[in-house]
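Here come two complexes built around subunit A, the first alongside subunit B, the second alongside subunit C.
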Partner chain A sequence: MEFRLADIGEGMQEAEVLRWMVQDGDAVQEDQPLIEIQTDKVTVELPSPWRGRVVRRFVQEGDMVTVGAALLEIATDGEQEQRQPAMSAQSASQPADRAPADGSTQSIAAAAPDLGHRVLAAPATRKRALELGIDLRDVPGTGPAGRVTPQDLASYAAGARPVLTPPPATPKLHPKDPEDERRPLRGLRRVIAKNMATAHREIPQAAHLDDCDITGLSALRARWNALLVQNGEDRLTYLPFAVKAACAALRLHPDLAAHFDGEREEIVLSRRLHIGIATDAPDGLLVPVVHDADRLPLRELAKEVRRLAQAARDRSLQQADTEGGAFTITNHGSIGGLYGLPIIRYPEVAILGLGRIRDEPVVRNGNIVVRTILHFSIAFDHRALDGGEIARFAQDFRRFLEDPDQLLMEMA
Partner chain B sequence: MQGNFLRPPQAEFPVIRLVAEDGTRVARAETEPDRATLLELFRWMVFGRVFDQRMINLQRQGRIGTIGTIRGQEASAAGLALAMRRSDWLVGSYRELLAYIAHGVPIEAVISLYRGGVPGPFPEDVAAMPIQIVIGTQMPHAAGIALGAKLRGADDVVVGCCGDGATSEGDFHEGLNFAGVHKVPAVFFVQNNGWAISVPRARQTASETIAQKAWAYGMPGALVDGNDAVAVYAVVKEAIERARAGEGPSLIEALTYRVGPHTTSDDPRRYRTDDEVELHEKDDPIARLRRFLETEGIYEEGLQELLEEEARSVMSQAIERAEAVPDVTPEDVFDLTWAAPTEAVRRDRERTLRELREVGEVGKE
Partner chain C sequence: MVVGEIVNQTELLVIGAGPGGYVAALRAAQVGLDVTLVEAEELGGICLQQGCIPSKAWIAAADDYERAKGLGNLGLPLQPGPVDLAQLRAFKDRVVSQLTNGVAQLLSGRDVHVVKGRAAFISPKVATVEGPEGRQLYRFGQAILATGSHARRLSALPADGERILLPRHLLAMETLPKTLTVVGGGYIGIELGTAAAKLGSQVTILEYADRLLGQVDPDLVRVVERRLKELGVAVRKGVEVQTGEARQDGVAIRFAPSGGGASEEIVSERVLVSVGRDANLADLGLAEAGIPTDGPFLHVDERMRTNIPHIFAVGDVTGNPMLAHRASHQGYVAAEVAAGKTAAFLAQAIPAVVFSDPELATVGLSEEEATMQGYSVRTAQFPMRALGRALAGRTSQGVAKLVAEQESGVLLGAGICAAHASELIAEMTLAIEMGATLEDLAATIHSHPTYAEAWHEAALLGLGNPLHVLK
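Now for the complex of A and B:
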């Protein structure tokens, strides 16, 4: 018996195979979990409808599977365990919706569902076809999944050839090299790809680059860390200071902590400063959120940043940890790069990138001196903000980091 | 502002509890279940747990449609159903499936509904309305059926059930208001499970309790620990006897918790924390009743396992019977809706079937 993927959501089209929980040849009990899948809405285990033995599995972890596709074949008790190949899935009625044996994962997502005799068309189109005495099966459909549109019907009735929209041209990839590895977009990578493309497509983005002299802050941090180490506590990085300085500057320039609601043509200003921290996690970029970052004492803030980073790394972030962000900070400089031009976290309106910190020769009072310099960049949504406000925000952010006394006065 | 005229909402509804979370007795009630009923309560609750998991599995296997989960709410459902007579009307929703079955509706009829099948009418001696999916619309039905019973002089009581979410619907107000005005023999039972899909109880009403809404309709109210099957039974029993004696309707709020998702189609981790669920899972109504049975000396070793085995076997047989019920045909839509079709219905039926034949939807075999 073939176990097929059912529509387990409401109107679900496809699901991603996360994990097989049985192997070929395994004996399975009724209701024993077979496979873990992920839909747009939920991650669930699918239990076996039958008791028997796994003959073969047709899909692989990472595959996108359309509803109705066979997932595996189970020889139920009383059935022949070894079937003839002619009876097997490879030659069954819907070969297109099954993964090829070579392990490539293209065919499943690409395959059109088997529509059989059923023609897709709206009731009104069906009615019109009946009135015209036209069998809809004869009408070439140009709508989604071959749906027959009223225009298709009209052109068919008029004896005209249907106007087929050519498929959008896809850019040519470089010639196939058998050595190439094709890696499907799955899981977090897929989500990131979608979000980044949305942000890039939607947002007219501009950037502002600057640097600031954090020699004073560096000395202060060194003194504090000496104390912390004595007490057996974790040392502070620059990040919590930068978060605090950003919060203080956001309080003076609240327009930067906002969401852009294009549909309603509104800019939604955040009252509370929940700050997203872009985190380089094993599966890809994650942005956990420090809630009320402006209200947390510095050491608490540092602790929360560490907790979130750890949770991002060991994949234990909860939904609440990633929600509510009003403004994002990305600290790529801890890895490298003098400046970065980060993409805004849609639908936020600005993002702060912290670049490299290094000692540099600078001119002070006509002399060349060595100071510790932080490079930073701010990318902003030019629909919501203009360069002047960004420059003023940058000035304040800079002032708070260059003169820690001013920052301390701002810290609650 | 210091005012002179406005009075604050009074909310003096202590939670009624007879058995504490650890299974020890904390109070007694005249209407509490006897020994045999206690065991029946336990049996149905264990069945409910197995039923819930089996139904979710059937949905995941593509054998039934979307289904609401009842895990964690077994005490409310079983306590409610066992306090009723079979001739008392159960007018509830998808969250009361266990109550329907414990009240006498065949399991295969329930499964069959979720297959999109027509299970035939419920048994003659079981008074139950079809399972309502639309939120809250059953409350005016319950009030109306109860008025009918009163006018006929029958001594049947109508139990109208809904969830905390439904109390924000106009239907809830209309049903309870009407019931209060006409002093009908009804009991309104709200399973407050904390969540209406993703809307928490705190966003549902500014009232401190749902029970206190009873006062506005001129009826008594009660707030009961919905995970205490003994207390649910006792409170519902008192409300039913009161209604049967002609003293009118009442409103009961059962405080419980939906441990699972709203239905098989949502992921609760997107709107509530795992910590919250874990906290509530600790107060498992089945474990609580079992500890109570043990302290009362009623529980026998291995009983729960035996009941689980029984439930699994009963479910398997019911699934088999439900899956043997033929699929609904387009004709059924017309033939089963009207006892005697009107001329317009007859015309609609013919035209629909003709059109479906034309597009190859029927008569293709």
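Now for the complex of A and C:
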């Protein structure tokens, strides 16, 4: 039986093979993890649906595989017995001396053409593909019944590796040093690279920088935290307040909580405010999503933010934890930096960056006073939004943080 | 290792000089490796020494003899005299010796270092060879295991080489037994039983399963069974041998229905035991090399590597189907991989041939296998008697069958039971490898009058528009 990559999340198209957890020839139990894969959202281990033995694996670690592709072949227990090859003299054996009926499945590609993972191509074409390191399943076949011709392979190879056109004259960044470490782009890093490049390529991005006086909020937070500590609960950070303020502002400016669908030339406005929280995890950036952040009581929201951050750090995020985001907040200021210019999480249209909070001298009523100031930035997709709307959103976001009473009224 | 022992060095140690091992050695030497080939017996392995080749000498001669008997009906009477099996054996020996010399010359021409002896690993990097020149040590860079298989024995009928025979004993006989019981209706039993019957033995075949030739398509096996009956071969399917006893008048075998029931006895001058083959894995020092020995075969990946990446395994030791041409192809792949080339076992289909009467050959999936694998299939069967060439050649028995995927018409498998099936299957093997469809076969001109027209007609039949049968 072939085990194929199924769509494990909405609209998943492909995944990267991170790690094989079985080898060819291994016996596997039902539900035993076979392979660890990474989608653009999560890392998951796929369990075996059957009990049997691994005949062979079709993909290698680091491969990108599309949904529907065969990952490995498992001879299920029933199959192993039926698969006595057609003409072995064994079929004529007497039971007394019969060899143990164990894994007599062949561990090589034997007599079974299988249109499932079989590509129609002549032996020489298959050999050439092997030498080129090309998976023939990726090559569009133009021959009868979709057969891959030598020409198909050649043009695919030429497209995939433009060996015939001279490489662009990129200056060498530095002389090649044998001590240099070459680290392959794998796993989450590869996903991030792809997503960021897409966002950077697709989105004409502009930014708006501002600050706000959160002295009042700071005092409120201190009072609340004193109570929470008394009750033995976790203290609140500024982040849940900022999420709440952003939600309140987004309700007034719904155009910022949207996806840009360039293909259909539509802007898809999100009805519900699922807010992505950019999280600095050990393997790289992850963006878990707080669902219905506007409807959660503040303490619940804080708890959910903590849970997601922890899950991101210990790699236990579930598919659902990363889906459905409408707007993203990145809190780089907790590490450092007065302002950041974050890249929008494609295909969202805006992202809020929280910068450093610090006491600063400011002018109030003609006097210089010390106040607690939060610096923030908003990057936006200029295809979907204009600066005026962003400035108005920033005004409201700022208002809600500067005057917690107004925020509390909005939270009701 | 003992201090003072001389250790020979070799880049590639090939263990076993059968069709897997000697091909691997030739290819490896051709691509520049320094190769040592160890063989305990004769070059060429079971295939050349005891199996494929010697049996074909017998089978071809028996077939000619049988056909000659029929010439009288065409007005060409011949007077067959008594069969002299010793002469046939001498001819067989000449063929074997000619081919063995040929292999030796090829190996020496490529500077393969051939060593006679029995090899065993003592570590993942060193093997001993016990031979006529004593014990030698070989430190190798890489190794290919190609030690083949041996005929399985039956405890109820221990082969003595006199009255209870293994295939090689039968082929070495100087007189033909008047009566012969063949235990095992797989391909070897059918082939040798048929030949013995044609040469004049009264043959009975006992088979444990309720069908002959294992999982081969019943539409094809039926033709063989019909012919066995014509040749006077008695076939008892679904019976289990209980006891065997060598007596003055021959060997008495007691057998009963496999599912239980009253037992019967058959007494025959000789008994041929052909109940399958087992991989030669004993005494190879597999554990010392780090290769697991828990199964009946060795597991290899598509580059023919065992779990120890510099030790390869090819041929019968890697399991079924145990066929010489599969072993050779694997050997070729292993040699290329060992030499650092990009190679893998990429074949889509391995043809299999039974030298029954008529010959039976298959490649790819049978109808049963294809259906079991979830294909929606269309099949087409064309009877050989509708071919002019087959009728004129007095070989009109049989059928050619194609199995194609319903929607695309892509050829999934082919089987044929007919004269020259062993040759005819080559076209379908190529067709499957090339990814041919029924339309491709139908659009290919087949010369007339030939047996190969059967494929063309079967393809037309599969497309719904046969010319030479009425549907």
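Rule of thumb we're sticking to: the second predicted complex is superposed on the first by the 239 of 412 C-alpha atoms of A that agree within 3 Å, B and C clash if a C-alpha of one lies under 4 Å from a C-alpha of the other, contacts with A are read in each partner's own complex, and residues count from 1 in each chain.
Going forward, a contact is a pair of C-beta atoms (placed from the backbone, for glycine too) under 8 Å apart; a residue touches a chain by one contact, two chains touch by 3 or more.
Source: prediction; values computed, not measured.
Colleague: Give one of first, second, both or neither to describe whether A:Asp31 is in contact with subunit B, with subunit C, with both, or with none.
Modeller: First partner only.
Colleague: So, A:Asn367: does it touch subunit B (first), subunit C (second), both, or neither?
Modeller: neither
Colleague: In the overlay, answer first, second, both or neither for which of subunit B and subunit C A:Ser316 touches.
Modeller: A:Ser316: touches no partner chain.
Colleague: With both complexes overlaid on chain A, does A:Arg4 touch subunit B (first), subunit C (second), both or neither?
Modeller: First partner only, subunit B.
Colleague: What is the contact status of A:Glu45 with respect to subunit B (first) and subunit C (second): first, second, both, or neither?
Modeller: first
Colleague: Who contacts more of subunit A, subunit B or subunit C?
Modeller: Counting contacted residues of subunit A, the larger count belongs to C.
Colleague: Quick one: is A:Gln230 in contact with subunit B, with subunit C, with both, or with neither? Answer first, second, both or neither.
Modeller: Touch status of A:Gln230: no partner.
Colleague: For A:Leu130, using the defined touch cut-off, is the partner it touches subunit B, subunit C, both, or neither? Pick first, second, both or neither.
Modeller: both
Colleague: With the touch criterion stated at the top, can you tell me which subunit A residues are shared between the subunit B interface and the subunit C interface?
Modeller: Dual-contact residues (subunit A): 118, 126-127, 130.
Colleague: Any idea which subunit A residues touch subunit C in the complex?
Modeller: Listed in rising order, the residues of subunit A that touch subunit C are 23-25, 56, 82, 84-100, 102-115, 118, 120-123, 126-127, 130-131, 143-147.
Colleague: What residues on subunit B touch subunit A, complex-wise?
Modeller: Checking each residue of subunit B against subunit A gives 53-54, 57, 59-63, 66, 261, 264-267, 269-271, 273-274, 355, 358-360, 364.
Colleague: Give every residue of subunit A touching subunit B within the complex, in rising order.
Modeller: 3-10, 31, 41-49, 117-119, 126-127, 130, 136, 318-320
Colleague: Within their complex, state which residues of subunit C touch subunit A.
Modeller: 152-156, 183-189, 207-209, 212-216, 240-241, 274-278, 295-297, 299-302, 304, 307, 318-323, 330, 342-350, 352, 354, 362-366, 369, 372-373, 375, 405, 408-413, 432-435, 437, 439-440
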